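Structures incoming, each one as structure tokens.
In the two complexes that follow, chain A is the common piece, with chain B as its partner first and chain C second.
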Partner chain A sequence: MREKPRKRSQFQMTWRRYKKSKLAILGLAAVAVLFFSALIIPLFKDYDTAVEQDFSSRYQPLSAEHIFGTDQFGRDIFIRMMFGARISLLVGIATVSASLLSGSCIGAVAGYYGGRIDEVLMRIMDVFLAIPNTLLAISIVAALGQGITNLLIALAISQVPSFARVVRASILTVKEQDYIEAARALGTPSARIIARHILPNAIGPIIVQTTLNVARTILNISSLSFVGLGISPPTPEWGSMLADAKPQMLQYPHLILIPGAAIAITVMAINLVGDGLRDALDPRLRN
Partner chain B sequence: MIRYIGQRLLMMIPVILGISLIIFSIMDLTKGDPARLILGEGATLEAIEAKREELGLNDHFIVRYVKYIAGVAVGDFGRSYRTDAPVSEEIFSRFPTTFYIAFLGILFATLFAIPAGVISAVRQYSAIDVITTVVAMLLTSMPGFFVGMLLILVFALMLRIFPATGISTWKHFILPSLSVASVTMANFIRMTRSTMLEVIRQDYIRTARAKGASVRRVIFTHCLRNSLLPVVTVIGINFGVQLGGTIMIEAVFAIPGLGTYMINAIRQKDIPAVMGSVIFAAIVAGIVNLAVDIMYAYIDPRVKSHYERFTKRGRRDAGKA
Partner chain C sequence: MNVNLLEIEDLRVIYKTDEDTIYAVNGVDMSVKNGETMGLVGETGAGKTTTALAIMKLLPERTGFIKSGRITLDGIDITRATEHEMEAIRGNTVSMIFQDPMTSLNPTITVGRQIAEVLQLHEKSKSSSEMARSVDEMMELVGIPSHRKNEYPHQFSGGMKQRIVIAIALACKPKLLIADEPTTALDVTIQDQVLEMMNDLKERLGTSMILITHDLGVVAQTCDTVAIMYAGEIIERGRVEEVFDTQIRHPYTSGLFGSIPNIKVTARRLNPIDGLMPDPASPPDGCGFYERCPKKMEMCGKKPPLFPTEGNGHAIRCWLHGDCARRGDGS
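Right, the complex of A and B next:
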């Protein structure tokens, strides 16, 4: 119980530094709006309206009834964008959580125990890092077959090494501190030392990496879907919507501009939050 | 120096073995029988079994892997399941295309990013700085293939200045290279800006100014040279990655480069082609990284003296043995 007020003040300090940056606040607001609208859209529109084709209303321009018009199959683009946001954010966050969890375990073990375990684990991670990220993801998708779950697994595996490295580096910075020594002297088990004493003190860079990786994952989801190896139509995914619209882009440029802008805005908002967090958590800027 | 290069090349071997093992295992898990893929759906069971035997598919995983690596060691990447042509030939015939696009792309990006980064660091918080930062931010947030589509829409379909797809003339290379540039540029700008800012605050810069060196001279000879080192690394790494094939951008512009080759191979479960192109990409990236490290020595005398010490010590040790 005695720890509580101190923890909150640390959060407040970070928040105070974070809100100094207007761009970071803008990013946070945009992320909040995106999340909220992706969360509540099923309350207003049925998922079927985003998938069902209606050839009587193809290529309708922007209007009050269809804010962003309709696509080549007569589906309302606005509704598809909203369900697309759901998919991107959901898959993005699930992927990053999975790779954060496994990457943290590997990085924590490697950093805490050091020596040969560290050497072996980090060599394996280096090999994974030497394979271009998208390429690794594509090969795994090819092996597992298409589908949202397999895409999630593939993207998660391809990100594990970057998390392992960040977590290991953060742990190395606090491992030698006196309070860790003290905890060890008291006979605290290693797992508890890692979870309760090291990770909370090394969390800054990990949070930043997590945020930036969500943004990168959203880009990767759309890229893989664009080349037909990610989420396939008719699921309203932004990348596959771009691929669908490519042949008619001269006649109907809004069909590519809207999904493209959606990707860019989402990724940019998340990146702004990540940059803001980096500045707010960077110990070098603290007095 | 030569000793150092040799050691670095040797260090690439375990990495490449690891990569090939990972990709080999992934492709092994892929559903579908390569023999059936080669012979088509109408093939008899006996024919498929004979083909499996011929390709060595009935061997144990480890036997197949060792055989493959033994081939790679003497430059034999096997034959494509789909075209029956040697994989190494197919890769080398596609490499020039990918090379031009990657090279031009990185060149465009560098030519724009370094001046932009320097100006926004020198005039920190000015309008130019804000604009550059926002543009860099926007570019990192846009997928490369979307930038490619926008370029096609504006310059190929609307203005009709450049062709949209293909590789027959030099004009075909402009839009894909610009897409590559847009993906990589933001990184370069940020890196140049932040290292410049760091260097500008150093004591020796203040000393140089105090001794009466002009602003121009301080920026170009004192700051830029010192802040270029991390930028060169980032440029090098990006170039190495792009040389392995820019899958999405090649897909947008229908370019028959390494990226297209790779993705078709993965789709068709053409294992030798996948393995060959991935290993090739890793080797190229490794060699480019090594070249960047060697370039350091010429940019930064501190690094050069480190190499020389390294080599001398090496010779002494060799002499002892």
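Right, the complex of A and C next:
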């Protein structure tokens, strides 16, 4: 008898606005393809094929057998690219999750409690922000020594301040809203107010920042690997592939063009998704 | 029935900022009986909302302080209660409705779940099916079909949002409801409906109410007693009929009545009260209304008038009237 109510959640409304931008959809499609291929590649090819050298088939051009050709050690570039995508996405998501978690805690505490706690925490964050991101990561890697764990730590630490700032700012705006005061007037405890009333309303900018930071991290890993501080060969990593190809770049331009394009397209696609999300979540564009 | 649910004695609230101290509430005494509606009237900045926030103990942290006085609500001294004790009191014994219904609902949670949340906080023993039933009941009570409980606040009109806010405030059947200009943001027809509904619900649930407003028409329509606030003090109080049907009033109250348009009389202009309220950062020595008062006398600027000490009826805080005038002569 009762008719089913039309339910339009915030997620659905966001998706409706997100779809309107063609570029954002393109970016999302590209990211989806990248994720999917990175996910399924081990089902078809062994990781060993990406690292084992075969000197009988060096510098092969693009062909049906080797879609992107082979490099100076005779390894199939396509397979290396795919395994490289796994590493970039894995490192990107892992470091961003770690920094999101710690940055959010710092930002939430600073924003909600304010006063001296806020002052102290945010000044520490400012110190980190004053050092360029990559430089900070390089110094941390240099101090801790090379290796994938240290790389993760370095990249995560260098991103904590940006999350702390964004989370703090959105909590500050939401905290002043009438419905927070109304929730307090109903006897809701602080922890519940933060979890149920503040964070869901502050999530927009945090999601956008997360997406953009994933793109930045992928770029950072590649840069660090390119200068030899990141993931070291023979691990197939886009940045180190670029570095390997550098001496032969005039004779075999595809060696450098393919990883270069992959980095550029991935970063751009993720940024497009981030921009699309920012537009879709912007409260000024509501209704 | 004649027991005072809320009693406020000599309440003083200050706001401390870097530059100066704002004396927002300066010695308010008032009481609300069980089942009674009190209208709290005054212009912007008179301290009405501050008084309400002090009762809820929701004054802004780090700036707002209760300097002295006592607030007794249902036998509990609010000024001494801890934050943890207050969490159990808020929403359960006393609820507050804020001015703007558009912004007092959380946009990311369905209205049904927002009503259920208060029940979860204060009536933990209820099973989830009982809670769902209470939510439906509350929605029907405020005149919103319960099948709309899974919708989000933005899918409702302003008047309906305010009904939902009222449903949330009354869900735990509080003993006291503080409504801070609940109808100011609504248009006149909706205002009337909402007020009527609040009146009706209050009767049914036996709730006492403090209605903060600057509309004397609303007071006449809904309140039993009225207190008129000016510059952080109550300057006149009494039963509604006593204050409305008399010529013996505080000059400020006369001014308020004088600035209401009268349809029986052709007037070219309304009669507003000239001037502004005294600076709350440096309250005057004498009567707060001295500068603007058309009937001021020499002593008004020197000594603040007092409330009559005896009697519970109509009281005026002015040297011109009653007890105050007599004592003024004597000293």
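The definition used in the following text is that the second predicted complex is superposed on the first by the 272 of 287 C-alpha atoms of A that agree within 3 Å, B and C clash if a C-alpha of one lies under 4 Å from a C-alpha of the other, contacts with A are read in each partner's own complex, and residues count from 1 in each chain.
Following the convention adopted for this analysis, contacts are C-beta pairs under 8 Å (C-beta built on N, C-alpha and C of every residue); 3 or more make two chains touch, one makes a residue touch a chain.
Because the structure is predicted, anything quoted here is derived from the model rather than measured.
Enquirer: A:L242 contacts which: chain B (first), chain C (second), both, neither?
Expert: First partner only, chain B.
Enquirer: For A:L101, using the defined touch cut-off, is the partner it touches chain B, chain C, both, or neither? Pick first, second, both or neither.
Expert: The answer is neither, since A:L101 touches no partner chain.
Enquirer: In the superposed arrangement, does chain B or chain C reach more residues of chain A?
Expert: B
Enquirer: Which partner does A:G115 reach: the first (chain B), the second (chain C), both, or neither?
Expert: second
Enquirer: Applying the touch criterion given at the start, work out whether A:S139 contacts chain B, chain C, both or neither, answering first, second, both or neither.
Expert: First partner only.
Enquirer: If you look only at chain B, which of its residues touch chain A in the complex?
Expert: 14-15, 18-19, 22-23, 26-27, 29-31, 137-138, 140-146, 149-150, 152-153, 157-158, 241, 244, 247-248, 251-252, 262-263, 266-267, 269, 274, 278, 281-282, 285-286
Enquirer: Under the touch definition given earlier, write down the residues of chain C that touch chain A in their complex.
Expert: 56, 58, 62, 86-92, 95-96, 98, 100, 103-110, 117-118, 121-122, 147-152, 154-155, 165, 168-169
Enquirer: Which residues of chain A touch chain C in their complex?
Expert: 2-3, 5-10, 114-115, 177-179, 181-189, 196-197, 200-201, 286-287
Enquirer: Tell me, which parts of chain A touch chain B in their complex?
Expert: That would be residues 123-124, 126-128, 130-132, 134-136, 138-140, 142-145, 215, 219, 222-223, 226-227, 229, 239, 242, 246, 249-250, 253, 256, 260, 263-265, 267-268, 271-272 of chain A.
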